[in-house]
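To keep things clear, I will list the structure first and then write my remarks on it.
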Amino acid sequence: MSITYLEAIREAQAHALRDDPRVFIYGQDVGAFGGAFKATKNLAKEYPGRVLDSPISEDAMVGMAVGAAIEGMRPIIEMQFADFSIVGFNQIVNQAATLFWRTNVPCPITVRLPFGGTEGGGPFHSQSIEAIYAHYPGLVVLTPATVEDAYSMLLEAVAIDDPVIFCEHKFLYYHLKAEKLPSEALPIGKARIAREGRDLTVVAYSAMVHEALEAAMELAAEGWEIEVVDLRSVKPLDTDTVIASVARTGRLLCVGEAWPWGGVTAEVIARVASEGFGLLDVPPQRLNAKDTPVPYHPNLWMAHRPTARAVAAAARKILRR
Amino acid sequence: MSITYLEAIREAQAHALRDDPRVFIYGQDVGAFGGAFKATKNLAKEYPGRVLDSPISEDAMVGMAVGAAIEGMRPIIEMQFADFSIVGFNQIVNQAATLFWRTNVPCPITVRLPFGGTEGGGPFHSQSIEAIYAHYPGLVVLTPATVEDAYSMLLEAVAIDDPVIFCEHKFLYYHLKAEKLPSEALPIGKARIAREGRDLTVVAYSAMVHEALEAAMELAAEGWEIEVVDLRSVKPLDTDTVIASVARTGRLLCVGEAWPWGGVTAEVIARVASEGFGLLDVPPQRLNAKDTPVPYHPNLWMAHRPTARAVAAAARKILRR
Amino acid sequence: MLQTVLDAKPAGETLTARDTTLAAYRFMLRARVLDDKFAALYRAGKIHGGVFLGRGQEALSAAVGISLKKTDVFAPLIRDAAGRLAFGETILDAVRTYLGSSQGPMRGRDGNVHRGKPLEGYFPMISHLGAMISVVNGALFARRMKGISGTVGATCLGDGATSTGAFHEALNQAAVEKLPLVMVLADNQYAYSTPTSRQFVCDDLADKAIGYGVESSSVDGTDLAACLKTVGNAVAKARAGEGPQLVVAKLLRLCGHGEHDADGDILSAKQSYIDPKLKNSPLGRDCLKVAEEFLLREKWTDAATLATWRSEIVIEIEEAVAQVRREPAPDPYDEKWLAISSAHLSEMHEE
Amino acid sequence: MLQTVLDAKPAGETLTARDTTLAAYRFMLRARVLDDKFAALYRAGKIHGGVFLGRGQEALSAAVGISLKKTDVFAPLIRDAAGRLAFGETILDAVRTYLGSSQGPMRGRDGNVHRGKPLEGYFPMISHLGAMISVVNGALFARRMKGISGTVGATCLGDGATSTGAFHEALNQAAVEKLPLVMVLADNQYAYSTPTSRQFVCDDLADKAIGYGVESSSVDGTDLAACLKTVGNAVAKARAGEGPQLVVAKLLRLCGHGEHDADGDILSAKQSYIDPKLKNSPLGRDCLKVAEEFLLREKWTDAATLATWRSEIVIEIEEAVAQVRREPAPDPYDEKWLAISSAHLSEMHEE
C-alpha cells in the first residue's frame, strides 16, 4: 500500500469526522463531488450532513465557521485554491484571529489552503501566501512537507483550539507518497531535521524542502554535507531548532517559494541574525521566488520559483566563502 | 502660517486635482463632507464632479479605480481606515498589482490608507498593515513620516505609473506641523537620515521615526549619538542608505509599529544581515508592536506599540554590548 | 429578552401588549439615558476613541432585543444600546467597555460598541460592516447540526452596510441554508454623511429580499408598537422554520455619526449635512417621544411614572459609572499578551 | 463586433437580421471548433494547466460580442470563446495564450482564459470570480468623466459567481453611478459541481435585478435569435443611457467544468454529476445545432455552406496552431522580471 500527500489529507479529515462529532467540512464542491482536488472524496457519503457544498462566498464561508466554532464545533473550511482565500481574508484575519484575544473565547477553525505553484497554474492558482497570514496575530500557520506531516498536522490542526491556516502544497498532492500513515508525530511548533549535515543549514518548508533535499544530494556528490531543516510550521516558527542547526554549521540559507519581501525567509534570517548572530560564520542568505506574479508558462515558472539547481547554486556561493 | 500632516495631504490632493485633469478622488464620505478626517475638505466644491462619495464597497472602489486607470485616469481612493482596505485587498493585490506584469498596461492608482494606532482606536481602527501590501509584487508602499513627505510623496504617488499604497499615519495627522510645504523633495525610493550619529543606526518609518528621534535625544543626554534613518518608502526599500549608515555605526535597531512576524523590521534586518553582515559589530535587533491585536485602552496600547522609552531601552542594550 | 424584565410576573400569566410595550419602552429609556451619559463623558474627555449613539433608533433596537430569547443569538451594531440591554446586557458591562475597565467583558482590549459575550449568544461586532452576519449564520448552523431547534439569530445593520460584499454573501448563505436569521436593517437615511442615493437605487431596501429569496417586512422605525409587531413577527417566523427574515425600518439618525461628528447631528448642529426636510418629515420623529405619547394615550402609564423611571435610570447609570471609575484599569504588566489560546504555540517576541 | 465581419459589405447598407444571425453563427462555429481543438491539445498533453470550454454557451456569448462596438468595453469569462472572437480577438491570440507563446498578448505570463488587451477595451479576467465587474465600471466611469458618450461595457458571469461579494458591490456600484453596464449571467445550472440549489434561492436570477434597481431580461440561452435580440436590446438600452442591464440566460454547460473534469461532461461521461433530466430538457439543447436548424429552416444558408465554413475554420485553426508552435516560448533569461512599470522603483533581489 502507498498513500499520497493528498490521500493523507483526505484520511486525516475522515479520521477527524469519525472521531469528533464537532467536526464538519464546508467548501465549494466538497460534498458529493469530493472537492476540486478530491481531498474530500466520499466523505459526504460516509458522513452525511457533515460535508457541505458552500456557495462561492469565501467571506461568508469563514464567517460561518467562526460562528460554528463559538458554538463548539470544529469546522474545516476548504478553499478551492489558496489564492481565493484572499476574498475571505477579512474574516480570517479580523474575525477569527481576533476572537480569542478580544473575548477569551477560542476559535477552533481550520482553513485548508491548497497552495503553491504547479505547471501552468499561472498568477491566480499558484500563490504562496503563508506570510500574510503569519503576519497577523492570532493564527497558527502550518506548511507540511511530507505525507506524514500532512496527515498528523491536519489532525492536530483540527484538535487545537485556535484558527489554523493549513497550507497544503498542490505540487506535492499526487507525486509525494509514503508507505503508510504515521502513528506518531512531532508536535506542531517543532521543526524537523530532514537531513543532517555540518557544512551549511538550509531552512525550507513545504515543497521547498524537497528542492533543498535534492540540492543536498547534488552537493553531497561534491563533498558538502548540507543540513536541511523543515520548518513544518511557519507560525509558530521553531527558532531554537534553526539556531541549533546554525550553531553546528555556521552557515545559513533560507529557501521559500513565496515572494521575497517579508516572507518566511526574511523572518527566519531576522531571527537568526538577532538571536544567533555569533554563530554565523558568513552572511546568511535567502532564496525566494521572484518578485512578480507567478508565471503561467513552465519555462518562466521554473525560473520564478527556487529549484534544486537554484538552491544548490546559492548554497555553493555560501560554502565557498 | 503652519500646516499639519493632514493639511499637507489635502493640499497635495488639491494640487493634483488642479494640475492634472486625470485625477479624481473616490471614497466613503470624501465628497461634500470632506472625508472622515477631512483630508478632502472643500475639494468636492472646488473640483465639481471629481471628488465622489462611494458606497461602502471597498472591493468595488478599488476595482473601479483600476478600470479608470486603464482608461488613462489617475484615481485616488480613500479608505476610511486602513483596516477596512482588507475587504478591498483582493482588488489591490490581485487586480491592480498584477495588471502591468500580465498585460504591460500600467495601473496608476493611489490608495490612501489612514493607518496606525491612536488612543482608543482599538483592534480595527489602528492597524499597521504595510507589510502585507509590500509582500505582494506590483505595489509601491509609502510611509511618510513628515509633513513635507506627506505632501511631496503623495504628489509623486499620483504621478507615478504604478499602484501606490499610501500609508498616512493618523497619529501624525493633527499634531505634526511644518512651516510650509516643500518645493523640492527626495525622490521616492530614497531613505533619509533624519538625525546623524555614529554609535547606532535606528531604522524607522512613519510615526516611529518620531519615537526614534525622541529616544535619540534622550540617549544624547547620556552621551550616545544615534543615527535615525527614516525609510520613507518600505517598498522599494532603500537598503543602500541603511547599509551605509550601519557601515558608519556598526549597530542596528529597526523599529516598526506593525506586528513582528514578517514586518518591515524583519525585511530590513534580513537585508542587512545578507548584504552588510560584515559591517555589524553586534547582533541587529528589532522592536515591534506586540503580536496581538491593537488594544483599545491607552494603558495597553502604550505597551503594545514601541514608544520612545522602549526604543531608548532597546538601544541601550545594543549600545552596551 | 422580555423574560428578564418580567421575571417578577407570576409564572403562567401571559404577556399582554401592554406589558411588552412598557418593557420595551423602559429599555429604550435606559438606552437613551445611557447614550446621553456616554455623550457627556465623551465631551468631558473621559472616553478614549469614539462614541456612537442610537438616538432615534431605540424603538427598533429594543424591539429586536425584546423579541429574542436568552438562548437566541444576537449580533448588534453601533446603534443598538437598547437592543443590547433588552437582550440582557447590563449597564455595568456597557459602561465598563466604554471606560476600558479590566472588569468588563472586553477587559480594555476592545472598547465602546465592540462588546459582547460570545458564549452567551451575544456576539461582539468587529468593525468591518457586514462581517457579523455570517458569524450568526454559523452559530445557527451549528445549533441545527447539534439538534437544537427553535433558536433564532438576529443581527442589525445600517443602510450603508448593505453595500458590502459581506452582507450579500451572508444573507445569501442564510437563504441557501434556510437559517432562522432575522436581519434587521435600520435605514436611517445616511451612512455617516452619505445619503442613500449614493448607496443604492432600489425603491426600498426591502426590495433586496426578493433577490435572496427571503421574506421581508417594512416598518416605521419611529413607532415602537409597529416595531414590536413587525420584528416580533419576523422572529416568530424564523423560529417556526420559515427561513431568513429581512426587516427594514425607516427612520432618521438623531445624532452625529459619532459624537465627534457635530455636523451630523440634525438636532443641534447649526448647519447639518442631514437634509432638514427629513427632520420635519415623519421619519424625523423621536421614537422615544412617540412611544411616551403612545403609552400616555393608551393610559398604560402616566407622566409621573415616566419621570420616576427616568430618574431611577439616571441614578443607576451614575452609580454604574462611579463604580466603574473605581475599577482597575488594565495593567500592561499583568496582561497576557497572547493572541491564541494554545499558549504553547504562541510566539513570545522578547524585546 | 458585427462590423468586423461585415466589412466587406458596402457602407451604408443596413444590416438585416439575416446578416447578424449568420455572422453570429459563424463566431459560434469558430468558437466551437477552437474549443474542440484546445480540448484535443489538452488530451494530447500539449497544454499546461487547465482548459475551459464554452460548449453549449456559444449563442449567448456570441450575442454579447457581436452586440458590442469596437470602442466598447468587454470583460468576458471562462466560457466566452465565442464572445471574444466576436468582439475582435483573433484565433491566433487565443491559441498563443493557451500555448504560452511569447508573441501572444499575455506573453506566457498568464494563460488559457486569462487573456485580453486592456487598451483595446478587452479586459483580461483575473480568476477571482466577480472581480472584473467593477473594473468595467471604472472604465465606463472614466469615459463619462472624459466626456466620451455612447460606450457600453459588457461582462459575463456564471450562476455561481452571483454569490460573490464582488458581484454585489459592483452591480450596486453600477446602479448608483447609472453606468452603461450590461451584465450577462449564464445560468448554466452548475458552478463546477454545485447545483444552483446550493447557490441561491430566488426563483430566477433575474429577480436579483430588483434589489439593485436595475433592469433585467431573461432569455433562452440555447436560442441564438433570442439571445441576439435580448442582449442586443440590453446593449441598446445601456447605450441610450438607461443604466445597467442584467441579462439572464438559462442553458446547460455541455462540457466538464474544465477538461480535467470528465464527470462534469454530460455528453460523454458515463456517470455525471449533471442531472440527466436537464440534458433532456430544452435547456440541454446544443445551441449550435439549434442555430444551424434555424438557419436552414429560414433558408438563410444551406448544409453545404455550413460544411464549407466548418472546414475553412478547421484549416484556419490548424494553421494558427502550427504557426504558434513555431513561435518562441518565453525565455526566462530574456524576461524582464519587473512587476511595476517604474523600473527605477522596482526592487531587484539578486539571488
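As written, the chain order gives the labels A, B, C and D, with residue 1 at the start of each chain.
Note that a contact is a pair of C-beta atoms (placed from the backbone, for glycine too) under 8 Å apart; a residue touches a chain by one contact, two chains touch by 3 or more.
Model, not experiment: these values are computed from the prediction.
Most remote chain with respect to chain D, judged by CA-atom centres, is C. In this assembly, the C-alpha centroid of chain C lies 45 Å from the C-alpha centroid of chain D. Distance from the chain A centre to the chain B centre is 30 Å, each centre being the mean of its Cα atoms.
With centres defined as mean CA coordinates, chain C is found 41 Å away from chain A.
The multi-chain contact residues of chain A, meaning those touching 2 or more other chains, are 54-55, 57, 59, 83, 86-87, 90, 94, 97-98, 101-102, 123-124, 137-138, 235, 237, 261, 290-293. Along chain D, residues 106, 109-110, 114, 126, 128, 163-166, 169, 172, 176, 198-200, 338-339, 346-347 each make contact with two or more other chains. A complete topology is adopted by the chain contact network, contact being made between every pair of chains. Touching chain B in their complex are the following residues of chain D: 73, 105-107, 109-110, 114, 116-119, 123-124, 126, 128, 131-143, 145-146, 165-166, 169-170, 172-173, 176, 338-342, 344-347. Within the complex formed with chain C, the chain D residues making contact are 163-169, 172, 175-176, 178, 197-203, 207-214.
The touching residues of chain D, counted against chain A in their complex, run 47-50, 100, 106, 108-112, 114, 126-129, 160-161, 163-166, 191-194, 198-200, 263, 273, 329-333, 335, 337-339, 346-347, 349, 351. Across the complex, chain D is touched by residues 28-29, 31-33, 36, 53-57, 59, 81, 83-84, 86-87, 118-125, 260-261, 287-288, 290-293, 295-300, 302-304, 306, 310, 314 of chain A. Residues of chain B that touch chain D in their complex: 24, 49-50, 54-55, 57-73, 75, 87, 90-91, 94-95, 97-106, 137-140, 160-163, 188-189, 235-237.
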